[in-house]
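Each of the two complexes below includes subunit A, the first together with subunit B, the second together with subunit C.
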Partner chain A sequence: MNRDDIYAMTQKRLRKELKQLEKSDDDTIYLRPIKVGELLRWNALLRGPDGSPYAGGIYGISVNVDSTYPMSPPTIKFLTKIFHPNVNYNTGDICLDILKKEWSPAWSLISACRAVLSLMDDPEASSPLNCDAGNLIRAGDMTAFNAMARMYNVENAREFRFPPKPKPKAEQPQATKKTT
Partner chain B sequence: MSDSDSEEIEYQYSDDSDSEAEETAAPQEDSGDEGKEENKEDKEKALKTPKSKHTDANPNAPPTGGSRTSQSPHSDFGSPSCTNLDLPRLVPSSSLKSEMQTILSEIIEMLSIPEEAAGALMRSFKWNKEKLIASYFDDPERTLEKAGVLKRVRAIEDRMESAPNTPRTPKRSSPRATTRSTSKICPPAEESKGEGAFLNCKICCDDELTLPEMFSMPCSHNFCTDCWRGFLSNKISEGPACVYSLCPEAGCTEIVSGEEVKSMCPDKMSEWEKYELRSFVDLNKNTRWCPGTDCTMVAITKTGSGEVYCGCGTGFCVKCGEEPHNPVVCKDLSLWLEKCQNESETANWILANTKKCPKCATRIEKNQGCNHMVCQQCKFEFCWICCQPWEDHGANTGGYYKCNKFAADKNSDDQSDAAKAQRELDRYLHYYQRYHAHAQAQKFAKKQLEQTEQRMVQLQDGNTNTSWIDVQFLKTATEQLVECRRLLKYTYTFAYYLDPEDKTGKKERFEHHQEMLEKFTENLSELSEQSLDKMDRTSVVNMTRVVDRFVKNIIKYVEDGMEIDD
Partner chain C sequence: MSEFLPDPTGPFVSDLFSFPAHLLESQNYATSSGHYVAQLNLLSQTYSGTRTVMGDGSCFYRSFLYGLIMQLADEGNEDERVRIEEYIKGSLATLTSQGYEEMIMEGFQEELLDLLSQIPPSRTSDEINLHNILIHPNGPSQMSTWYCRPLCSSYIKSNPETFKPVLLIDYPSIDSYCKSQIEPSSVESEEISIQAIVSAFGVKVNVEYLDGHDGEKVMRHVFGEGRIEIDMLYRPGHYDLLYRK
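And now, the complex of A and B:
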């Protein structure tokens, strides 16, 4: 398999993903390429999960892939500053296993974003990139952690806004969780 | 540590399948004091005349110097299939495949599993057969699943089950149930739709595929063949970790094997096999690549320990890969090297490569092996290591070569932290200086060895009726010198880790051995460096033997647990 074939495969796959995204009306994640026609560089908006200290905030992340996608994982970084044990506060790097060695080509960009979202809801304090945040959780001081995270949430995560929904359809499908 | 006892036993039960091994007999177990010349002659004989292995195993052979002697620099590493199971063997990387196959076939037979599964199983147990078997008989299901071969093994069993007249005793739970039990993390493979229905590949998202365009591992997760090719070639291009690739399905733990590579990417098969062999050597505690530059030989042992001298001129310890370092154990050596690395700046600051003559303060650079220095300026004779007058070291003045012992400073009753730290630093520097001095001397001796051939030619030319054999002694002596410097170097590492407060006399006796070895090594160094017209063959040969005896004594002393010796 030569380089061009692989690149063509990447493009084809990304086009399919985009098509799927345009059809869906996920109101927690908004994922699109930065420029029309350039499929390797994407941005996404994540709605801070309810019940987490990030609720009410909108977080921007960058999602970049190279021509080996989907064989290798996308590179995802937070653009919005976030106080979270698994995210580097300054660079936005994320420590998440499925973005590294647990990646499977059967995952997609949107499923990677969903994984980031669930990481926001459920921090993993044992492998921290932000030691201060990790230490607060490991010390069991959730009050302090939540207060800090909420403060940064209010301070930093009010910059972005979700794009308005495309014209409301005749029958709005309920946003209930699908059961397979 | 009675190496030789177990060797003899191994001889008796040695594997007969290695029939050619009898021709290239194992290193000799001759009595320890014979010196290397004899050792060598014996070996040459052994190479020419096929001996039965039973005559080789001399049951009366005294315990020799253990690891050092049994893997002396002259051990016949060249024989690819020597029967001596205890000794490390060196094999070229080309025969690794058959080495691996030999181990795999045992597992295949014992557990009746397919070959590809056996490879992955062994990898997950780091090629520790005993651990694998213990784990397998404890819980086969979990063992197979952990290694990612459960479905591969079950698929073969199913095939055998469906075939009539297949003897298969243990009835296992049905594979359906197995699939269900793991379906929490890994979605079950989609039921194949009827003929003609289109299939979907989750990688390229193409949903107009037909069954012949699809491929799956025994876990039945279908992806199109193009994606499989892309997946596998991408994994292989990522390097050695490709042997741990799992099924592309998210959450599926079935491991990729050579079978898939062979059918999907036949052009990558050689690369895959290369990585398989590499992982075989890297993971296996009983094997190690020769660390020599560009050397591709591999040391294979039964026990994971021992010292090997490769044909490329590199000697190494199988366990840690460093230069052979007896009497120091691997753990202490790594501590020591790390310490030297950390403190090298302090140490370097204190010991530059030059020293001042203790009498006239002229800077002196040492570029020869012997520690008996004569200042060119004032002709003062002193010891390079301790800078004390050389006469104090001579036996004739009543004093002995005493600079190997560390005597803590007299005012050691100062218990302040600073004083303690200073004392500890002094103690370290005492040993490090001597370690460093012998390391340098070892380098010089190696250089000397390179020039020896030339000196031998000159020596032969200078004396009529002298044969090449007659000048061999010079080479033997210099080789001995290199070995002594190496050993002495590590005796200081060893001594550093001995209890400084030792009251049992063990440390004292060790230092006595060390002192003797050091003293005679200096003598040998001096004798072998002499200009050719003053060269005295008899005294060099004698000194070589004497030194060899001290080498053996100190090794034996340590191996016997430093108990009182005679």
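And now, the complex of A and C:
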């Protein structure tokens, strides 16, 4: 055994994840490796959740892993600038427990993306990386918070488009959505 | 209680050292105000060896798996080996039925089955080789060690009546307990998870509590029942393996 073996385990797992993604018809997250055949660097597009101030926007995030994945979490950052208490506006860094000490290898890249999406829907004002956003929510001024977040949404999150869906083959069985 | 720190960088499991000489040398027990030396002397009536285990949050699971696999190589434990292998083979279906993703879990199950398949027919011939497989940083033991965690969750979920009364005091649901207190690789095991893992495997674990409180006795906690017995030393916050005289 040598250094490459853990990488082989990582590759094996990531190949499985990619295969599953290629079969999925999730229209809220589009997650793929940046370069075909290179499985350590991924990007994803997230559709801003309806009912949140990010609705109508499409947010790019980078999802990077190293050869210790899935024992350690991916590093996820926003590429699109977003006004959110748990995201650093300038660097895109995200404060999310499952990407740090609560990570478990039972999570996958897509379930980590789903967790980011639910963080957009449900901000956690007590651990802010963006103090302005956190302060507005903690002061209970949701009108101001939503207005700011929506303004940045319109300004920054209109650049990306979801790739067109492949034409559905006749009568595909309904895919059951799994939440991990 | 963290004045005696485990090593977070060393090998997964150390070579066999003399007990308690090794611990007296590597930790500051001699100069401590607690009754550690007296307790170590008491324990030395029963135990003569120790293996120290990496302190990265998985020391209990690592000690457990190491102790188990080594004993499965003993002559006379073939039945146990077959039994454990059958249990691991069936575990994926149980996990999947409990909502774990098959695609993710099977990778870990394969590693543990691989590890079990590498147990030599007799430990006497190949103990060092097996030890080296178990401590290899890129070998199957890392993923196998983690797989003990969902097995632990799975046992709790299959036996909710046993665990609910204790768990629901502090956690909203069994699922949230498993997700936050068992499955993350950095979370130490505690009595509930130890109880679950020994029951899941059908193995007995004896834990000697080196707490420095009383120089005339050492508390021993016994978990589970089974033909295989694994002895461990608990210093607050950390588990190591013990070997009898």
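Operating definition for what follows: the second predicted complex is superposed on the first by the 169 of 180 C-alpha atoms of A that agree within 3 Å, B and C clash if a C-alpha of one lies under 4 Å from a C-alpha of the other, contacts with A are read in each partner's own complex, and residues count from 1 in each chain.
What we mean here is this: a residue touches a chain if its C-beta (ideal position, glycine included) is under 8 Å from a C-beta of that chain, and two chains touch if they have at least 3 such contacts.
Since this is a predicted model, take the numbers as computed values, not measurements.
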Have a look at subunit B and subunit C on subunit A after the superposition and call it: clash or fit. clash
Determine, under the contact definition given at the top, whether A:105 touches first (subunit B), second (subunit C), both, or neither. both
What is the contact status of A:23 with respect to subunit B (first) and subunit C (second): first, second, both, or neither? neither
Can you tell me whether subunit B or subunit C touches more residues on subunit A? C
Identify the partner contact of A:35: answer first if only subunit B is touched, second if only subunit C is, both if each is, neither if none is. neither
Considering only touches as defined above, state whether A:161 meets subunit B (first), subunit C (second), both or neither. neither
Using the superposition on chain A described above, determine whether A:12 touches subunit B (first), subunit C (second), both, or neither. both
Considering only the listed stretches 21-29, 111-119, 435-443 or 489-497 of subunit B, which one runs into subunit C in the superposition? 111-119
Show which residues of subunit A both subunit B and subunit C reach, each in its own complex. 1, 5-6, 9, 12-13, 16-17, 70-71, 104-106
Quick one: in the complex, what on subunit A touches subunit C? 1-3, 5-6, 9, 12-13, 16-17, 20, 70-71, 101-106, 108, 178, 180
For a test of understanding, state which residues of subunit C touch subunit A in their complex under the given definition. 100-101, 103-105, 107-108, 111, 136-139, 142-143, 146, 149-150, 179-180, 183-186
Subunit B partner, complex, touching residues on subunit A are 1, 5-6, 9, 12-13, 16-17, 68, 70-72, 104-107, 111
Subunit A partner, complex, touching residues on subunit B are 202-206, 226-227, 229-231, 233-235, 246, 248-252
